[in-house]
């Protein structure tokens, strides 16, 4: 019997099954510095303890996407080691903020399963929850992946497809209760634009571009203890579909978020990811650009000083975004588009 | 109206104008480790809490150049986003040491301005000051950049050129008051040579070379939240003057300082940068070597145990420095020279 | 007189000589995060403070190999700057665990010396000891290197060859006294296999591969303040034996250890390295795979809950390890093999 983890196949997942993922992870100042070096993010709340305290945090919280990557990474060996594709995300909500020295671990529950008509693969839906050392949820999300069957002759299970909300409904719980903005300093934050300065349908070109290096996305992916094989093994990928390593999709999300500072500098927190697709793969040497559009503006009930912007952020490769490249008349994505992310950020009013 | 920062142009700067730069930054142990990984610096005071305490610091202070890069990086979006060239530095003095968990922010004052004869560009002089969370100055320097005019037809302002001291005058304030050297251990520090062992005009070949990787200078520059576009965007730079990304000049300064350990191992602190020029650009794949010359020796008034060496450190690319490459008979720099730095370091006597 | 360190030559070493190596190093959370980014290690004890505390550590200890690399790195300027080859390791024992904010320094004693028959080089044996700020030994090992003579005409010294134990004898001192396993959680640790599940001679393919990048091994080697020139200087190595930089051997050991998680997930601590050889050099672009074999199983006297596995871990380049590549019938290593490491790990029973 082999002792190496072969990962789970379609037959191994059962509706209602709870999976405790391995390797809890204490996130530290070291991870924060590394994350800054990877993406150069400049949101003041995450960069400065003093700035964070001035608005009511006890310290600079961990970047929301660093939390996402760490929580997500843990699910890979159990959920997607044999995945052919990461099909989608939904209902991703960030709740209690994480701080340096918090220990995060992840538990998933299988909430859906449907065999594909080819009989060789199926789609598995899981809800994954990241919790801190006090058992508080820092993040939860639904994710669905296409997984190989171990045995093509195994009978198809009864299909169960979970409800996937089109967007996350923000609740008190997804908001940082303690925040106040009377001392929030636009100059130190780097942007004069607050919630009320944005308009629905407004488009923002984030201007800057960032070129991806093989070493950088490898370091990033290992920092998150993400073990997806396509990111690390050039020897194997040389024979694969693209002949080279694929950049971890989360790396692209973080680059896009960092670029979005230029135009959305006060969007200090991601409250939710409503959905998203990695439209095209990225490779080392590609330069990522991004633009955003305001999809919705939601003043927050009982919270005069805070508003939520629902955004579409589109990242491209090797194409600047002054022209806001997206989909053609045929509804197909422009070939430069690599990411189409629908998410909700919080800004002071 | 666009929400992305377009940077300031020549007309936007006014004499006396004070600019509060964005994104205060808490520097942590994570940044210190990353800095060590980037340059492999081996100065004992910055590497070991115990060593630092043995001479009177409360902990290992942050490397002076890491402080410089962070403080400098903040000025880029406001001062040099539209800069054609970083022309020079002067009067750069390091004062209160920074420690992990200090939060640094930067404020600049415009102190000079002169339009160029072509009517399209001008030179702007600013004094930038880095302060910690207690309002103490950790670093200040004058810097001048060539910036584009927004409108070539705008009238030329009255030229104002500030006094630029040829070298920094060290004062009590620029020295760490609490330091004592009776317990300073040469063996642990890695060098038997103290202040009195160096002679004016002496030249030191630092022997070792370090090759620059694209990923490394990108990680470094983002760690400093420096947003200068020429460093990150291969897609744009492919069409630029060199067809490739330019390595951040501060990266070269840090490599040269790290190499200088081999010969100047007890030069535990940079007190001042008197001036410096990035003589030639560096690119990934270049191997940097360095040598130094002792320009001046200054025993420090009322301080028997400490002396200041004014140094010229010259960095080259792809040329070892046993022959001390510098300028030819025509006064022009040897083509291998990339950096000519005039600075002052402190050593125990 | 030159002030740069020229390193020691064969004649410079004397039996019994004690060498205090330079640059004590405070290891922090920053180093831990960086190490994770380099190798993606997933052993729960080193990854999570909570997990570590649940079995009796006060915090997550520093990865044993990070301790090794830091302690080893300090010896390079004195011991192996003029080395032609790192010939071997023996009697390497890990004792008191290291934690973030510990300061490590290294002292070596020359324990053997033998001139080679060519009269130009000799072998020097040293025992190096890494100690923390309380003077406790965290690690010690014997290492022998081939070093150039300064003067080929210098007379050969009387040969002294130390006893090199074939394997380390574990003693109480090399074990963490405080550990208990009643709360050890296999699921969080990521493996159902404990000491008693392994059999002597069993072979385990660790399946995954990791491709080496130039920037990564450079960052790693500088993080350890290891100054061996072959790792950093492409300009010099272009003229060298391989025409390119050689990857630091310790980098390969760490990759192999990280890969070994997949099959040995509960091997939470390295107790000893019995011996090892870097069979072939590695270069950037190589993909490292690994497999292990159980050489011995040692229940530990008076310790019902803990056992020691003596392992051979073999790392290859560009060759997956399903077929356990090792030596041919002629006793020579398969050309894909880069590392043959004989070491002892601890697992809960």
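When the chains are written out, they are named A, B and C in that same order, and each has its own residue count from 1.
We take it that contacts are C-beta pairs under 8 Å (C-beta built on N, C-alpha and C of every residue); 3 or more make two chains touch, one makes a residue touch a chain.
Just so it is clear, the structure is predicted and the values come from calculations on it, not from any experiment.
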item	value
Chain copies touching (chain A, chain B) - same or different residues, decided at half shared	different
Superposition of chain B upon chain C: rotation angle, C-alpha, nearest 5 degrees	120
Chain centre separation in whole Å, for chain B relative to chain A (CA means)	36
Multi-partner residues of chain B (each touching 2 or more other chains)	28-31, 33-34, 213-216
Sites on chain C touched by chain B in the complex	2-5, 20, 22-26, 28-31, 33-34, 77, 100-101, 103, 105, 133, 213-216, 218-223, 225-227, 229, 232-236, 245
Chain B - residues contacting chain C, complex	28-34, 36-44, 47-51, 60, 187-191, 193, 197-198, 204-211, 213-216, 262-265, 285, 287, 289, 318, 320
